[in-house]
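Below, each structure is written out as structure tokens.
Across the two complexes that follow, chain A remains constant while its partner is chain B and subsequently chain C.
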Partner chain A sequence: MASITLDNLGKIYPGGTRAVGDVNIDIADGEFIVLVGPSGCGKSTLLRMVAGLESITEGEVRIGDRVVNRIEPADRDIAMVFQNYALYPHMSVRQNLAYGLKNRRTPRAEIERRVTEAAEILQIGPFLDRKPRALSGGQRQRVAMGRAIVREPAAFLFDEPLSNLDAKLRVQMRLEIKELQRRLRTTSLYVTHDQLEAMTLADRLVVLNGGRVEQIGTPLEVYRKPASAFVAGFIGSPAMNLLDARAVPHLPGTAHAGTIGIRPEDLSIAANGPIEMEVTAVEELGAQRLVHGLTGGEAITITLPPDAPLSETLRLGFDRGNLHLFQRETGARIN
Partner chain B sequence: MKRTIFRNQLLPWLLLAPQLAITFIFFLWPAGQAIRQSFLREDAFGIKSSFVGLANFRGLLDSAEYLNSLKVTAVFAVSVTVMSMGVALLLAVAVDRMLKSARVYTTLLVWPYAVAPAVAGILWWFIFNPTVGVMPYVLEVVGYDWNHISSKTDAMILVVIASAWKQISYNFLFFVAGLQAIPASMREAAAIDGAGPVRRFFDITFPLLSPTTFFLLVVNIVYAMFETFAVIDATTEGGPAQATNIMVYKVYFDGFIGQNIGSSAAQSVILMLIVITLTVIQFRYVEKRVEY
Partner chain C sequence: MIENRPGLNALAHLALIAGVVIVALPVWIAFVASTHTATDFSSGTVPMWPGPHLVENYSRMLDAGVSTSGTPPVGRMMLNSLIMALLIACGKIAISILSAFAIVYFRFPLRGLAFWCIFVTLMLPVEVRIVPTFQVVAGLGLLNSYAGLSVPLIASATATFLFRQVFLTMPDELVEAARIDGAGPMKFFRDILLPLSRTNMAALFVILFIYGWNQYLWPLLITTDAQYYTIVAGIKRMADAVDGLPQWHLVMATAVLAMLPPVAVVIGMQKLFVKGLVETEK
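Let's turn to the complex of A and B:
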């Protein structure tokens, strides 16, 4: 086990395209860090740079107190779980698990012990002698995890490991990964574009946009106090309402703000509230009701209890403390 | 697959007719003729032929020359296959590792396939010509006296190179396609699992290529046994002293030059049987084990 430090990390491709820049993250030993961002934000590139599958053009990656910039992936003491699992199709599950250990000349008895142990943790014992193609998606996912566990590495790297599973299985595996990590206390770096997955798994979140870090913080910090309009719109579901201040000039407490953010769940119906909303669509979610509409030409959404009365226009109020104010040009938070 | 129901019974047969006619006229009928003739013996003037049963086959199996041809064919086919597939795989792996200009190399490497076998034969015959060739000159520098006109080994090497050279392009294309079908993450996973480039190749890449490899194995053996006639004819004509007289060349030589139609037909039938057996073995037994 080890800490991981990304120090001014950057990547410029030979053509001159910048994929990642100025990334500084200190990952404590045993911490679960999730890199989250829209596709193309550089999160996978960042992970692959830590893994050693992508060269580092700027800055440093340290695992433990060792700079690993020029160290082969095999010697970085990390294990990676790939999006498509990358199981070796011609090897049995047992051989898949043992391959990394065999290459490191681990004694046979020790390999056997670790494989059995990992199989027990992940409940894949009955499939050890099957080939990957005879397994279901969830089972393959477990084998991929098993291949990481048996190595007992300093860190786990996950590259969108759940995105090939169906929605129900994804929720279940998400929980299992979290439990497993809590149990093994192995430092983990996890990449996903799914903000819900990021929120539920992370000890700390790293929100990336355009190859740069927008915010680092615990899920609640990021949710409650997004550092930029981008983070505000990206984290949380349904997404935060972001209104152009010019469209709603009369809102109290919004002086100097370029963009005003307020979460749908922080809005409520108030007879003389400052926002007038013209309802355009209603989504029934069972436990709540999602009402979409317009105010001053800007899209706005509110969550209401399922029995709340509806009309063509609603007047909405909010608690001033729940307002998120951002600069117009940079999108940076100002309150 | 989509199934079409024909109301008219005649139409499907009409649609099949061209293909059936071609198969019958150009494949089944000549094959049938060969089988028929293998049981006949023509008189010296080719006027009448008489049924001799298996005498032609018995004669062949008693002939030292024919047994030699069998051996030569085996050595030749194995050498051509190993060489053409080995070099092709090497080139394919090299191209697969390239980030830039892989397409240019692929295009260039495919060109030899467009060269007719006879031309390829002549080409290598000139390169290795003891009098005017480049290679004998180079080999002389390292102390080897090349002469494929008198040395059996040299002659064999020449026809193997000339035959393999052409086939490398074909194998190369299939290997490149096969390599590109292997997900990069598989090799990355192996790299993280501590396998160096060589291990990675033998543990991961090569096993995953095996469907391609076995397909090419069949194609190459069949190529070496049947389609190398022109190469042999343009270079060694089976010599010296029968050293490169592979079965397919002997069929031609005994039949057209020697005018021994019965024996030649019997040889064709044996060749046919060998290829049928090879193909059945490969696809029945070997293919099954390649699946993963």
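Let's turn to the complex of A and C:
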């Protein structure tokens, strides 16, 4: 187990595309860090640089206190779980798990012990002698994690490991991964574009946008105090309402703000609230009701209890402490 | 076809049966001819049903051969053909899988040039370069040898391209997973690439074995010692009887024998073939 430090890390692909720039992250020993961001923001690139699958063009990666920039992936003491599992199709599950250990000349008895142990943790014992093609997606994912576990590495790297699974299984595996990491206390770096996955798994979140770090913090910090309008819009579901200040000029306490953010769950119906909303659509989610509409030409969404009365126009109020104010040009947080 | 009209069905069957007859008839005639005596066959009417001399003709060919044409017994020629075909098939597979591995997985200087050189050899089959190749082989003293029979036919662009295509369909993640698992290039080749290309190798083996077995012009040219005659070239020599009529019944018996090994290879490898088609391993 080890800490990981990314120091001014950057990547320019041959051809000049900048995928990542100025990334500084200190990952403590045993910490679960989730990299989250929209598609194409450089999450995979960043992870692959840590893994050693992509060359580092700027800055440094340190695992423990060793700079690993020029060290082969196999010698970095990391294990990676891929989105499409990347199991060796011609090997049985047992051989898949053992392959990396065999290449490291681990004694046979030790391999046997670790494989049995991992199979027990992941409940894949009954499948040990099957080929990957005879497994379901969820089982394959477990085997892929088993391959990482048996190595007992300093760090786990996950690249969207759950995105090929169906929604229900995803929720279940998410919990299992969290459980597993708590139990093994192995430093983990996890990439996802699913903000819910990010929130539930992370000790700390790293929100990326366009190859740059927008914010690093615990899920609650990021949720309660997003550092920029981008983070505010990305984290939280349904997404935070981001209103152009010019469209709602009369709101109290919003002077100097370019963009005003308020979460749908922080809005409520108030007879003489400051926001007037024209209802355009209603989504029933069972436990609650999502009401979409317009105010001053800007889209706005509010969550209401399922039995709340509806009309064509609603007046909405909010607690001033729940407002998020951002600069117009940079999107940086003001309050 | 989704429609099920009896008329169309009958027509389709008719066309297929006609095709089978066209392909099978010469084979049948060759077999029938090999069971008669020389006079039966050259007397004017071609017999359509097997005669009584099957055992006699075949055992004569296997033991002694046709002394007048200077060919060794069929068994010897079959062995020569088998050695040549196996050397060609295995040599081609070994060389092309290695060159495809180099082209797909390594960045080396002049990689593009190497690729194009291989590509250009596609345009130069043996028949085109036969005279210079003969000179080189003669200069190396390889006339009348198994090496001379097989080596010039081994370099293969087609097989290289086939393996290149197979390797390009291997997911990148598989390569990366192997890298993280500490498999160096040769280990990756041996433990992952080779087993995953097994069915492709089998398919290619069948094609190349038949290609090697059926080689005609090249063996005819470079073998003057009867010990190295191959069966396909041998048939030609038998048919060229200098004095009198070729002994067709014996030539046909040889031809039927020459057909057997390729058929055996196709039937023997069929299972692996079909498995390769049904399995979607990668």
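In this text, the second predicted complex is superposed on the first by the 335 of 335 C-alpha atoms of A that agree within 3 Å, B and C clash if a C-alpha of one lies under 4 Å from a C-alpha of the other, contacts with A are read in each partner's own complex, and residues count from 1 in each chain.
Convention: a contact is a pair of C-beta atoms (placed from the backbone, for glycine too) under 8 Å apart; a residue touches a chain by one contact, two chains touch by 3 or more.
Small disclaimer: the values here were computed from a predicted structure and weren't measured.
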Room on chain A for both chain B and chain C (clash or fit): clash
Which superposed partner A:V191 touches (first chain B, second chain C, both, neither): neither
Contacts of A:L314 with chain B and chain C, given as first, second, both or neither: neither
Touched partner set for A:A79, first chain B, second chain C, both or neither: both
Contacts of A:R104 with chain B and chain C, given as first, second, both or neither: both
Which superposed partner A:L304 touches (first chain B, second chain C, both, neither): neither
First (chain B), second (chain C), both or neither touched by A:A51: both
Intersection of chain A interface sets (partners chain B, chain C): 51-53, 72-74, 78-80, 82-84, 86, 88-90, 99-100, 103-104, 133, 147
Contact footprint of chain B on chain A as seen in their complex: 51-53, 72-74, 78-80, 82-84, 86, 88-90, 99-100, 103-104, 131, 133, 147
Contact set on chain A toward chain C in their complex: 51-53, 72-75, 78-80, 82-84, 86-90, 99-100, 103-104, 133, 147
Touch list for chain B against partner chain A, complex: 183, 185-186, 188-196, 199, 203-204, 207-208, 210, 292
Complex contacts: residues of chain C adjacent to chain A: 171, 173-174, 176-183, 187, 191-192, 195-196, 198, 279-282
